[in-house]
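Chain naming follows the written order as A, B and C, and within any one chain the residues start at number 1.
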Amino acid sequence: MKKKLKFNACVGGILTGGMLLFILTGIFFLPYDPDAMNAELRFAGMSLAHPLGCDNYGRDILTRMLVGSRTTLLVALGTIVVGGGVGTLVGALTGYFGGWLDEVMMRVIDALFAFPSILLALVVVSLLGAGKYNVILALGIAFIPSFARVVRSQYLKLKEMDYVKNARIIGCGHFRIIFVHILPNTLSVLVPTLMIGFNNAVLAEAGMSYLGIGVQPPDASLGRMLSEAQTYLFAHPLQAISPGFAIVLLVLGFSLLADAMEEKGCRC
Amino acid sequence: MKRSISMLLVVVVSLALALTGCSGEKQGESTESQITIGIPQDIEDSLDPHKAVAAGTEEVYFNIYEGLVKPDSDGNLIPALASDYTVSPDQTTYTFTIRDGVKFHSGKELTVDDVVYSLKRCSNPDDPVLLQAGMTGIESIAAADDSTVVVTLKEPNADFLCEMTAAIIPQSNEDPDHVSDGTGPYKFVSHSPQESFVLEKYDEYWGEPAHIEKVTLKVCANADSLVMELNGGSIDMMARVTSTQADQLSDDFNVLEGTMNLVQALYLNNAAKPFDDVRVRQALCYAVDRQNILDLTSDGHGTIIGSSMYPAFGKYYMEELSDYYPHDVEKAKALLAEAGYEDGFTFTIKVPSNYTQHVEVAQVIADQLKAVGVDARIQLIEWETWLSDVYSGRNFEGTVVGLDASTLAASSMLLRFNSDNSKNFVNYNNPDYDAAYSRAVSTTDDARRTEAYQECERILTETAANVYVQDLAEFVALNKKYAGYEFYPLYIQNFASLYIVEE
Amino acid sequence: MKYVGRKILTMLFTLLLVSFLVFLCFTVIPGDPAIARLGTDATPEAIEMLREEMGLNRPFLVRYADWLLSFARGNFGDSYSYSMSVADLLLDKVPITLAMSLMSIAMIVVISIPLGLYTARHEGSVIDKLIYALNQVIMAVPPFFSGILITLLFGIFLKLFTPGGYVSYTTDVTGFLGYLFFPSIAIALPKIAMTVKLLRSELIEEKKQDYARTAYSRGNHTGGVLYKHVLKNAMLPIITFLGMAFTDMIAGSIVVEQVFSIPGIGRILLTSISRRDYPVVMAVVVCLAAVVIVVNGVIDIIYQWIDPRIRLEGEKS
């Protein structure tokens, strides 16, 4: 058991670290202009100059991967910051205080949960226009309910704990109790949830790109590159393989880490 | 328990495999000749031909409904439900002789009353939904006798005959929204939304009958899975595939090349800054490398054009305008500097996201404009948002779309650039143009009219009304089992000419 | 009973909230249904006439109240873009998506329970590790891409089905089910992976409980304890998960329907949103939301019925 755990953490760490390193490289160094088109290089195969080949516009795929994975990371992180932040806040307040606030907020959360996320995304995109920041907003809103529920249930459980009662007796304010006393104790559950949320955001971004409401061209994201490439899947499978592989590695790394953390959380 | 579950698994999987095995062989059963044709959008309008607005619907209805005249594959108007027609010398009176022995799909005989009813129906100004744009100049429609209909115009209009392609439907049909009754070589059978639209050969067609008994139009909304569907064999024909899609087709297909018959351009809002300055528009024309666009998006296929007219218009088309603005970055920069934009500017190109070919071209243009310091941002919007915001609302800076023509009258391309026209969504405003256009429509002399229309085209080019790009190449994928596909210079698919190749 | 009654009331309220939100969304997003229907031929007069005909010129709240009243009476209205009633349209399309979802659920149950049991029993074995790794990879593939890979593998290379060769259930039921089998795999795959993982960890957790140890000590063999005692207790979270997965699946079928060219509810929803066909969108969204809310509500009720502590908590707050 312990051995496997270590193995998970190891592989997950290596994958995630590798991807982060890749993304970091892209911030400081890009071999080409990611959007520069070149008719002579359409569908160019692998070569020393273009290690992953070129796409249908003759753009260097490696460069676009460097930029695209950065966008994907930004969208996924942004989503869990928005969704996780608001969700945690709502879950904490409703779980701790209960009463009418809980009743009203949970109905809104239920309604949001029952609202097809694709419709939500379409509404946000139609209203504000497409683009990565609006994708973050759309996905963030769609992710609020799941975080709110997890956090709320933790607060319901933890607020009855003795240490919370003690804190109240010695005169701590509600907000101090909520954020200083209880919040750190939810982390063992919250962190894996956030990591799974991150993965879902990566996959959801790809889905939105597929439906044409994701990141706008010529911007690159892994999902957008993958969905653009599928048009040429028969003749030029290379164009799909790189972004597809990158998505799988990114998600795999995070979910292995999340597993490792969850198990560790259970143990202590 | 474990064993029973595994058993269940085996049963379910084998059952499913057996099912798919069965379904794989289903095609061989019927002896009736049939073809499945992919269409990119559902036929969403009502079955009433006068209400049909989507180009994709009209091209299908061409097979079901007919007018007094109809276009042939060269774009010439040939008699259809009128066996003959005469035009008075002053071009205000059109006399049509109704063809004998034409029957509607319902079995009812075509009469002059049906013709008068149909023409009045779509020229009634009190019903703006049914009203066809070109029918507003009609003075009267009347039956002279049992086989003659006379249409009188308020003023001469040389292009009026084009409007007489309007569908004739029987007066007795009380619910044309839901009941289809036409005279074409195919009749309507069924429609299942987002799924299929089925046509069947009409045996009592007055003209040359169709060859294939049953035509199933299958909605293939997802352009990305199209190649798989063609190669997999679930559709036999698809019009307007891209060159990259065509490249990936298997040996079972013939790829026919024609032109799409539309004017693809970066349409600019002439009323919005900075495009209200002719030098800025000209600079963009110089900055765009059209051949490069063709190379990057369609392997060099397509016809470069320089004005709002495409080659199928024959005598009206002016080839010399296509290289009026050769690719010249320095000249573009100089013009921008002259207009006060030395450092370039930023603007947004709105593109309807469902049209891959326009989205692709917009991306290439945005990349090319970078060379002259212009930062073009692309915003993909839904077609419906494009219609309400860009087309009706005129709230845009630039947009890449293709405009097609409903008839081969030059006016159908050029009317919209009159400064007060309701369809002038680019807000083009030029008194010279308006004058040249009104000269063209008021004359009855063909040579002088052609000259005036050409004048209009030249003005559009010289003032760089829009950044004209190309008439796109059209590729039709047709399974080798079938032949007989005909290209039309208009947005038309003629299923009646298709036939099965004997092996 | 009091709990159940209150639960139903809150469920209705949530549904009302959803319908209001959707209605609100469609009044604020750009795009006009009248213009959408008239296309590029639209004249201002025609747009005005059609708007009047569709009742779009009335104030927002009046339209919402009007919609709500007729919806409550079971009248879903007429579609703007198809000349048929919304009820007819949905009756035609619901069986497609439903059949696909049920098939996926069947696959999930049939495949993931044995796999979950096996991996829990042989915890740490090579096969357990292999399945774990496979699960992780499956969960990391974007759904649309796994759909494309399935089409490539089964449709193009193995030729088990014709890509895009959907046949209607009205003409050929076996062909219909045979075609839907493959998209169902695409929907089921990630859920199978998740269920196996969840079931495995639940079973391992339950195995450590006192009652399981007692059962062992009484001389039951490992398999017997696992199936007779532990599975029963571990099923509760699994049923919850499956309930959620089912609702998730109906909504998630949008992408898979797009990949496999299936004219189901997801496709109708997507095109209706873009055609601004509000009556259809309202009906689909509210019905989907109703399913989600009811399933969640029922799960809550089952939970408190099994575990009365939850009820106490609920009444206290």
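Heads up, the rule we're going with is that a residue touches a chain if its C-beta (ideal position, glycine included) is under 8 Å from a C-beta of that chain, and two chains touch if they have at least 3 such contacts.
These numbers come from a predicted model, not from an experiment.
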item	value
Chain contact topology (line, ring, star, complete or other)	complete
Pair with more cross-chain C-beta pairs in contact, given A-C and B-C	B-C
Between subunit A and subunit B, centroid-to-centroid distance (C-alpha), Å	42
Between subunit C and subunit A, distance of the C-alpha-averaged centres to the nearest whole Å	22
Subunit B and subunit C, separation of their C-alpha mean positions in angstrom	38
For subunit A, residues contacting two or more additional chains	126, 227, 230, 233
Touching two or more other chains - residue numbers and ranges from subunit B	228, 231, 382, 385
Sequence positions of subunit C contacting 2 or more other chains	30-31, 148, 152, 258
Subunit C-touching residues of subunit A, taken from the complex the two chains share	1, 4, 98-99, 102-103, 107-108, 110-111, 113-119, 122-123, 126-127, 156, 199, 203, 206-207, 210-211, 223, 226-227, 230, 233, 244, 247-252, 255-256
Subunit A contact footprint on subunit C (complex, rising order)	10, 13-15, 17-18, 21-22, 25, 28-31, 124, 129, 136-137, 139-145, 148, 152, 251, 254-255, 258, 269-270, 273, 281, 285, 288-290, 292-293, 296, 313, 317
Contacting residues of subunit B [partner subunit C, same complex]	1-2, 5-6, 8-9, 12, 16-17, 19-24, 26, 42, 44-47, 53-54, 127-129, 131, 133, 177-178, 192-196, 218-222, 225, 228-229, 231-235, 382-385, 387-389, 391-392, 422-423
Residue ranges of subunit C in contact with subunit B within the complex	30-32, 35-50, 81-84, 89, 92-93, 106-107, 110-111, 113-114, 117, 148, 151-152, 155-156, 159-168, 172, 174-175, 177-179, 181-182, 223, 227, 258-261, 263, 267-268, 271, 274-276
Complex contact set, residues of subunit A against subunit B	35-37, 39, 42, 56-58, 126, 129-130, 212, 216-218, 227, 230-235
